[in-house]
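Since the structure comes first, as structure tokens, the remarks are kept for the end.
In this document, chain identifiers A, B and C correspond to the written order of the chains, with residue numbering beginning at 1 in each.
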Amino acid sequence: MFVAAVLLSDVEAGRSLVFPEETASSLVELTPAKPLSLDAFTLCLRFATELKGKREVILFAYRTQYFDELNVWRETDGRLSLYLSGPGAFFEVPELGPLANHVCLTWESLTGRTTMYVNGRSSASKIYQRGHRVRPGGKVILGQDPDNFLGDFQAEQSFVGEIFGVNMWDHVLPSVAIQLLSTGEDFSDANVLDWATVTIIPTGSVVEFQKRSLDLKPTTHALF
Amino acid sequence: MFVAAVLLSDVEAGRSLVFPEETASSLVELTPAKPLSLDAFTLCLRFATELKGKREVILFAYRTQYFDELNVWRETDGRLSLYLSGPGAFFEVPELGPLANHVCLTWESLTGRTTMYVNGRSSASKIYQRGHRVRPGGKVILGQDPDNFLGDFQAEQSFVGEIFGVNMWDHVLPSVAIQLLSTGEDFSDANVLDWATVTIIPTGSVVEFQKRSLDLKPTTHALF
Amino acid sequence: MFVAAVLLSDVEAGRSLVFPEETASSLVELTPAKPLSLDAFTLCLRFATELKGKREVILFAYRTQYFDELNVWRETDGRLSLYLSGPGAFFEVPELGPLANHVCLTWESLTGRTTMYVNGRSSASKIYQRGHRVRPGGKVILGQDPDNFLGDFQAEQSFVGEIFGVNMWDHVLPSVAIQLLSTGEDFSDANVLDWATVTIIPTGSVVEFQKRSLDLKPTTHALF
């Protein structure tokens, strides 16, 4: 009985952001724990959206003054994509549907290897932007795609729905760790963006909720 | 090996209601353990139906003298919906198909937040009927939509198929608890409607079955 | 907490091969631990590919001088197939999609029974090549289909994407073992091809990565 309780005890605990409508102004800025000067990263987030059809959806944006340093999109054709200051890498994924999905993305400069994970299952890896480096000094934004430094948003690219569990590491997590994260394990502190502690600055109609976690007594854990 | 056995040991145990045909008369009344005077709730149920195409299907109805206080539907377009005495909140979900699905719905007056869960996966939350209160003094009905106080049923809105595991709480369960419920864990006593003990008053051609649970010996559990 | 860690601790750990593009030259040769003189076998591998539409995809090839001794394909119609020196056995499977799938295949000469497994779920078994024997002296190839002894490759049959976890046994594993393998358990040393130790000889644009495993301390395992 206690197994499942423990396996899932941290799933979706913590804060959650609801973007109730399509706008060109509602957004959330996240304050990273350290500058995004990165030669590797793992980025994970959970989202649920009813947006469908031929529409781009911004999932994550890190913008410096002149560059889309690190953007993640759901493309009009349903693929997920990563842009690091230039043409993107594209990943075929199953249709994501309207319920919450766990999406992770890894990249490392040394080999250029980048891999997308949906609900713990890996895509075929791609070779992308080998030798590149993500530059510090920008802003991390959810909900909008900044076409210049924190402005020039387009409603038809905005995120509508719910986002939570946004975590980022400055290294590539092993795939088994990402599988565990997808089932709700929270064994590893994210050192760039930690959803449990990151400062969130909302603008516009976005609503922040506090999700409750299961209050399992320590004695339950001790049964193992 | 024993993990899966334990995880699934309570799935679908207990009573089950079969509505064998489309009628305007077959229904079941459930007697709540306390009045439905609610500023928050979690409602869960499992159902399997072969109804398809453009047809409304009533999943749960709580009717007071003048209001559809709390109705849950599968809409003609496949969405699930919640009505609290007025226009509804609508949730996009994957096509539910003919096999049994576990559906839960949470709502709280304080924030208006309402979330639909299908087989443990959450929808994007909606803001709905903030500040509202579900009123006591009505009847809980499965199988029919009462357009007045327990009457005026329409066969083409009736439920056909099997319903079971109807449980209701007077508060919002954390999402991790709902995930556990969807896998068959039964860790938490529902305090408004408890399927294990609720009095069921059937009318018409509805049939009540007793499902058997997996007979796990206590010694199996002790292996943990 | 520790249950999932152990269940999944070996999933996808170890080496991984990325075939970034369609070619008639990129391939990997695997050096078996013993000759493939086989009257039974279990072959497992994981792969992710974005190849779709009406295109054959070679998944595994074992070629002797005059025969395609043991080839596994994804056929143009999406079925998986096994060829042992002659017409093939075909298996209907769910659409595999672009994310990683775990595929296993068992065959034994005595009964001719052959079964395909996708992510631990078994196909209907087929009777195929009863009394046959896989002959030694060939080469094991990933990425290309050799139409003669290590040559005459066709780009439009090549594998594009990522392959890993290629393991082969000289006997039929029980289905429960294959289910465990699909979830990442690595309880059994493969005695013909062992992905953890097999010598890999790459040719062309194929890239070999080292996947990291979760660094779980032995004391964690000891909690069981």
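Here is the rule we use: a contact is a pair of C-beta atoms (placed from the backbone, for glycine too) under 8 Å apart; a residue touches a chain by one contact, two chains touch by 3 or more.
Nothing here was measured: the structure is a model prediction, and the numbers come from that model.
Participant: Examine which chains touch each other and state the graph shape they make (line, ring, star, complete, other).
Facilitator: It is a line, because the chains touch in a row without closing up.
Participant: Fitting on CA atoms only, what is the rotation between the copies chain A and chain B? Please report it in degrees, nearest 5.
Facilitator: A turn of 95 degrees brings the C-alpha atoms of chain A onto chain B.
Participant: So, what's the distance in Å between the C-alpha centres of chain B and chain A?
Facilitator: Using C-alpha averages as centres, the distance is 32 Å.
Participant: Where the CA atoms of chain B average out and where those of chain C average out, how many Å apart are those spots?
Facilitator: So the centre of chain B lies 44 Å away from the centre of chain C.
Participant: Among the residues of chain C, which are close enough to touch at least two other chains?
Facilitator: 3
Participant: Considering only the defined contacts, which chain B positions touch chain A in the complex?
Facilitator: Touching chain A: residues 3, 6-7, 91-94, 111, 113, 118, 121-127, 172, 174-177, 179-180, 183, 185, 187, 221, 224 of chain B.
Participant: Where on chain C does chain A make contact in their complex?
Facilitator: Residue positions touching the partner: 1-5, 8-13, 16, 18, 20, 48-50, 52, 97-100, 160-162, 184, 207, 209, 211-214, 223.
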